[in-house]
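Let me begin by presenting the structure, written as structure tokens, before commenting on it.
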Amino acid sequence: MIKLTIWNEFVHEQEHEEVRKVYPDGIHNALAKGLADAELQIRTATLQEEEHGLSESVLADTDVLVWWGHMAHDRVDDAIVERVHKRVMEGMGLIVLHSGHFSKIFKKLMGTGCDLKWREAGERERIWVVNPAHPIASGLPEQFVLEQEEMYGEHFDIPAPDELVFVSWFEGGNVFRSGCTFHRGQGKIFYFRPGHETHPTYYDANVLKVIANSVRWAAPSGAATPVRGHSEPSLEPIRAKN
Amino acid sequence: MIKLTIWNEFVHEQEHEEVRKVYPDGIHNALAKGLADAELQIRTATLQEEEHGLSESVLADTDVLVWWGHMAHDRVDDAIVERVHKRVMEGMGLIVLHSGHFSKIFKKLMGTGCDLKWREAGERERIWVVNPAHPIASGLPEQFVLEQEEMYGEHFDIPAPDELVFVSWFEGGNVFRSGCTFHRGQGKIFYFRPGHETHPTYYDANVLKVIANSVRWAAPSGAATPVRGHSEPSLEPIRAKN
Amino acid sequence: MIKLTIWNEFVHEQEHEEVRKVYPDGIHNALAKGLADAELQIRTATLQEEEHGLSESVLADTDVLVWWGHMAHDRVDDAIVERVHKRVMEGMGLIVLHSGHFSKIFKKLMGTGCDLKWREAGERERIWVVNPAHPIASGLPEQFVLEQEEMYGEHFDIPAPDELVFVSWFEGGNVFRSGCTFHRGQGKIFYFRPGHETHPTYYDANVLKVIANSVRWAAPSGAATPVRGHSEPSLEPIRAKN
Amino acid sequence: MIKLTIWNEFVHEQEHEEVRKVYPDGIHNALAKGLADAELQIRTATLQEEEHGLSESVLADTDVLVWWGHMAHDRVDDAIVERVHKRVMEGMGLIVLHSGHFSKIFKKLMGTGCDLKWREAGERERIWVVNPAHPIASGLPEQFVLEQEEMYGEHFDIPAPDELVFVSWFEGGNVFRSGCTFHRGQGKIFYFRPGHETHPTYYDANVLKVIANSVRWAAPSGAATPVRGHSEPSLEPIRAKN
């Protein structure tokens, strides 16, 4: 069974009444409940916990990590970011949600600025599947609607994704590459756009299906062990040169 | 359980004593035996059978098709090629082995000439894993040796593969992109280089592991249904233009 | 100077008054005029000409070929399609416009069905640049508007493009990967979505800029000569095996 | 004319007699001489200069930066690394040579460990063109030989390159992805493997041709200006939700 850790900075929900109304137990617990039937072994972790809840032992016991952050990116300890990065290099999957595009770990993995445009206007978002053969799109309709969401618009400053799974249409005239896969080291990474804290996005059945699919996709799938970092004796005879 | 059909043109083995010695029951049966433990439901098919053994019902009941051909590419009926192509578009996986690079179905899927260089000199091949995180490399060492193989050398005239899994080193000085994935329609395609008919390559444990891994990778993994081919009513209001 | 040949099936303009009003001299001549300042050496060719205007000598003298077709895809001679394909393999650039997605040459190069959805509702299209560093986007604003266009909607059945340059937003709620690059053989291919025959799209300054940019991008840029199709002597000593 | 800055840590040549014999004026000056005919406007910079020779004004006046480093990666000031990174994001090209795979700037751009294997055995390297249509391969033979080089072997811990141009064959049995392109922000990046400090690699005509080609390829080619980092007013009407 896949071991999933859901990380949430858990600040908006404690500071803003508007957000607490939508997610009274925090986004992490809403997600944990929403994914309860997905045959995953789920734990949560938050910024406020010791080591942000991401101790060596927790990460060693995590197949896939979900990341939601926004206000408090800077409060995440660099040492923890390094630790998460190391685990991704070793094969841990990472699902970065919404405003996590600006998290330290995502920027470190991408190597780019990860900036974008936004608009908080409660507008309609249509999320279109542009790669219907991808396992992350499994079981989805060709598109689904979020009646009110924050807009994220291009240009999104990421490396070209290895696979583009979703493109969002926004009522106000923008588009966005909403579902992007990346491979870094042995780890698989999925960025998924929706999830503004004032909208009930993480209760939406299609959104939860995407996240569940992406967790399964990102889980380590059995791999060869990379061999690196040493001086290697010759495998074949090398002729003496002059 | 994944339903695998192994297709072989089965001509060399019947016409050339040298090949029959290596594969007395044909390459298809050697592969079927070698993959027997891989928890697959296996059938075989050959050029000589009616409809080349690839009737509508056989293909409808096939999750992944393995293809070995060489001398008789031209004898494969165009209608059967269309039928296989249609199934790949619908999501059937396709594993193309060795000289299958010049098969009608591979060339049709690639859109390029698919030519390469070769040398029959019984030389050593080292197959290096360049994408150790890929499920097709699961359980492999960082490289493995085929003591004697035909050389295939670059330039290999294919579209840039979606993922490059293996690169071959040849004793005689050449390299080759030996393990390449492609996605076409709903189908996953894997090209795997080794398998000259005069060498016992398909008895090699690592080669069999790669093929078994690739069959699992190429099997339909649950997907969204693409919606295409119709005029679509508007989803959102369209303002009248002057 | 880049030698550009603009090919148009030139049927709508001769058969439909509505189209003739927009393109009285045909889409090919409208494009030729629109690109006149782009420092290109331009000729046109149409379906009705001998060999569709694409003789061996014309193609040999063409660096980049633009293709517009719709009603008459089936009337394009297979031998001419093979000839164009051969030239793309040799390095000729190919710009496929709008309904050319269903042309024989595009489908042959892609290896997929190339189907999509459409709607003729005169709706607004916003073409967003998602790859601003790409030379095909040179000099463009971050997005531009076509006040009335036919909608093309996902899913678009193509291989994942090598580079995605544009994504379209449609008023009626759809999105589309509108600018896609592919490499096949030595040739560069660009698919560009806009250009319905009843709208004055090919007079739009931004559309013309994209096409001019794409012609420059697709022109042969000096390359190595691929070496293939022969049995190659060994470059390094091969030890005798027992 | 493209403005090229060649950066070299310039430590080996000052500390090791063996290296000084090969590059008495430093690798940077050997490269500058070797590229003198390439119609580039060339300056050099080294670790020992103030701000490592990479002041704001120098970088602002640089189209493409070449980077060679090895022993002294850690001595490169983090602030200079940030400055170079910012310029790549803005569109400056970056050519990373050989042991530069472990430089701070390359690792920051890749987001991975960038480790590999090596062997200093003076063995033969054959560099094969696997993408002959790429402008970086322009004018090269299908392969070229470096009689003695350090081996770099897979697995090379980088993201899958956007384009793979060269693969190296090594006498001792290894292979390596030797020429890799990446796009990050508005900048183009090329990693090129050869260039061990004890071998006269940067006097080789083919190596110099690759570097000259890559500088031309990586130069800013005219692009759209990305628009990001602000809250954007609606472009289309947004209906009030209940």
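Each chain gets a letter, A, B, C and D, in the order it is written, and its residues are counted from 1.
Keep this in mind: contacts are C-beta pairs under 8 Å (C-beta built on N, C-alpha and C of every residue); 3 or more make two chains touch, one makes a residue touch a chain.
If you're wondering where the values come from, they're calculated on a predicted model, not measured in any experiment.
Visitor: Would you say A-D or A-B is joined by more C-beta pairs in contact?
Guide: Of A-B and A-D, it is A-D that has more C-beta pairs in contact.
Visitor: When chain C touches chain D, do the two copies use mostly the same residue numbers, with over half shared, or different ones?
Guide: same
Visitor: How many angstrom lie between the CA centroids of chain A and chain C, rounded to a whole number?
Guide: Each chain reduced to its C-alpha mean, chain A and chain C end up 36 Å apart.
Visitor: Measuring centre to centre with CA averages, how many angstrom lie between chain A and chain D?
Guide: The separation of the two C-alpha centroids amounts to 30 Å.
Visitor: Which chain A residues sit where two or more other chains touch them?
Guide: Only 124, 126, 129, 132, 142, 153, 155-156, 160, 171, 173-174, 183, 185, 226-227, 235-236 qualify.
Visitor: Note which residues of chain A are touching chain B in the complex, please.
Guide: Residues 91, 124, 126, 129, 132-135, 137-142, 171, 183, 185-188, 221-227, 235-236 of chain A touch chain B in their complex.
Visitor: Name, in rising order, each residue of chain C that touches chain B in their complex.
Guide: Result: residues 89, 108-113, 115-124, 147-148, 151, 153, 155-157, 159-160, 162, 171-174, 182-185, 226-236, 238-239, 241 of chain C touch chain B.
Visitor: State the interface residues of chain B toward chain D in the complex, per the touch definition above.
Guide: 126, 128-132, 142, 154-156, 160, 163-164, 167-170, 173-175, 177
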